[in-house]
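Look at the two complexes coming up: chain A is in both, with chain B in one and chain C in the other.
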Partner chain A sequence: MKQLLGIFPLRNLHTGEYEDAELYMPIDGQNVEDFETRWRPLLDERKANLAPHETTASANIQDAHWKWREKTATRNNRMDYASFSVECGGTTQGLMFVRTIDFARESSQLNQFLIYVDLVSTAPWNRPGFTDNRLYSGVGPLLLGTAINFSIDQGFDGRIGLHSLPQSESWYRDQCRMTDLGPDANYPNNLCYFEMTAAQAHTYITT
Partner chain B sequence: MTTKRTMTLNLSAQEMAVLERLASEKGVSKTGLVRQALRLYQSVTERLDRGDKLFVEDAEKEEKAEIMVL
Partner chain C sequence: MKMIITPGWLRNKIETAPDTEIEAGIPVMMLESIGMFLPRESAEEPAEDERLVRLKHAFGVFIRNLRLTRELPVEALAECAHIDATELYAIENDPHYVTKPRTVYQLANFFGINLKKMMELSGATQTYDESLEEEALKFAAKSDGVSSLNKEEHEILNEYVKFLNEH
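The block that comes next holds the complex of A and B.
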């Protein structure tokens, strides 16, 4: 059964008002249903109708193939994974899986435990690039902050790591101030690996 | 973030020394280290149960050795 972790404000860009969003763990069946019935049709339609000048990266849909239903079914009883959802406005606005058994690669924290952000997505209607009329802002930062706080809760001092899709690299590097350790030759598609140190995590959650 | 339960763990002096050393090296509590060991063991066991194999690789010699897990 999912547990309410807290209430956080999300800005509704249509009204300019802040609304209460609920942060839960773990991802539950309703979140998966929201993905399948509300997110996926929009992602598939956007992918099928890309303009000639657009790419899946510029349209912010490189995660459209992620299998949230299957992963939720196989991971929710395991201790090496944890999952989180953000709900607001009557539906799921964000989803995240993290892994708990990984080790840091950045030299200042080499081989220390960290929380590895395996999958993180915000609803398509919240994404720049996907639409010019986004609904909520702040879902991604809330989920990344959740990963940091989970890391602190586990005794890992806020350390997190992740592989970024090309569409998100600049956000992790320039907005989140994570350390870019470059393309990972041992990861599919050589995605770039990013890590947040304890100091960077402290800065992130206090500013 | 989840409800915790308490148990007593009886370890030999050597086991306790290893636990204390690893916890210190990893910067976590002894409870935290045991928790990580349990997570890792469950993860490895689940993969082995699916038919996967576990290897360690010598990065310099590029040699791989399979680890047998009980």
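The block that comes next holds the complex of A and C.
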């Protein structure tokens, strides 16, 4: 059953005011509907209107699609997954899916348990790369903080791991101070793998 | 989940860190639906079917018998495997109990059992392996729930461990 984890402020960039957002675990049918009816049309439109210089990227997307299809085999009914949503302004502003058990690769914490972030995403209208007229600020930090919080709750000391999309690498490396372990040849599109140690996690959620 | 992060902390992040892209993992543009992530209680299938309950019962019997072969009380096994004794008690006695994946890992590691099979048997991951279910039910049916194992029960347990590790 959907559980309210807390109320957190997001900044409405149109008004400059803070608004209360709700953080939930797990996702529910309403989040799925928001994704299908509000996120999807914007994402599809973006995909259909790629700039000429993005044609190659588009081709890569098609090529990688099969790999992603394999990777995203049904997740429901699995106990080793957890999901979170951020809701504000009457709709879903962010989503995160995590694997509740995985093993660290970074040398100082090799093979220790961590939470693996399988997918984290904000609504298209909140992304700097998607629109110049973004709506809410703060969804990303809230979801990353939630992943760290969940890791601590599970007894994993805040350790998390994730594969960053290229446009997000600088945020994970420079803002979140996660360790960049480089491109992962075993992951679709060879995305870079990042890990947060217990010390890095502590710093992130206390500063 | 007990929350450690606070509204004040988030407000500070928003005001001090520049906004940027944060997308990670599977690109949502690639997803045909996020319905695949709906949790058990929201899925179309019943929350807990009889088959899963039977598997989890067999898992509880299996763990109990492994513990008895080592002549370990619940508390002692919990300490050795670095898990919670209350959870171990629930695994052995409540087929509706939802075992944490970390606990399954710790038990599989301690007893030297194939982790993937243990995850399936515990209900932590889905299985479509009918033979796993069949053997689990046979194994559970042959165990009589006593507090110590006789020679025949030891043999049954050893055969089942062999099946899980070699299957």
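One rule holds for everything that comes next: the second predicted complex is superposed on the first by the 181 of 207 C-alpha atoms of A that agree within 3 Å, B and C clash if a C-alpha of one lies under 4 Å from a C-alpha of the other, contacts with A are read in each partner's own complex, and residues count from 1 in each chain.
Everything below uses one rule, namely that contacts are C-beta pairs under 8 Å (C-beta built on N, C-alpha and C of every residue); 3 or more make two chains touch, one makes a residue touch a chain.
The structure displayed is predicted, hence computed values, not measured ones.
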item: Fit or clash - chain C, chain B, common chain A; value: clash
item: Which superposed partner A:Q200 touches (first chain B, second chain C, both, neither); value: neither
item: Partner chain(s) touched by A:S170 [first = chain B, second = chain C, both, neither]; value: second
item: Touched partner set for A:P9, first chain B, second chain C, both or neither; value: second
item: Touching partner for A:S83 - first (chain B), second (chain C), both, neither; value: second
item: Winner by number of chain A residues touched, once chain B and chain C are compared; value: C
item: Partner chain(s) touched by A:K47 [first = chain B, second = chain C, both, neither]; value: second
item: Touching partner for A:P26 - first (chain B), second (chain C), both, neither; value: second
item: Partner chain in contact with A:T179 - chain B first, chain C second, else both or neither; value: neither
item: Chain B versus chain C as contact partner of A:V120, first or second or both or neither; value: second
item: Partner chain in contact with A:Q154 - chain B first, chain C second, else both or neither; value: both
item: On chain A, positions contacted by chain B and by chain C; value: 3, 5, 25, 78-80, 100-101, 113, 150, 153-155
item: Residue numbers on chain A that touch chain B, as the complex places them; value: 3, 5, 25, 78-80, 100-101, 111-113, 150, 153-157
item: In the complex, chain B residues that touch chain A; value: 1-2, 26-29, 32, 35-36, 38-40, 42-43, 46
item: In the complex with chain C, residue positions of chain A that touch it; value: 1, 3, 5-11, 18, 25-29, 31-32, 35-36, 39, 43, 46-47, 61, 64-65, 68-69, 71-81, 83, 95, 97, 100-101, 113, 117-122, 127-129, 134, 137-146, 148-150, 152-155, 162-165, 167-168, 170-172, 175, 194, 205-207
item: Chain C - residues contacting chain A, complex; value: 1-5, 7, 9-14, 17-43, 45, 98-102, 105, 119, 123-126
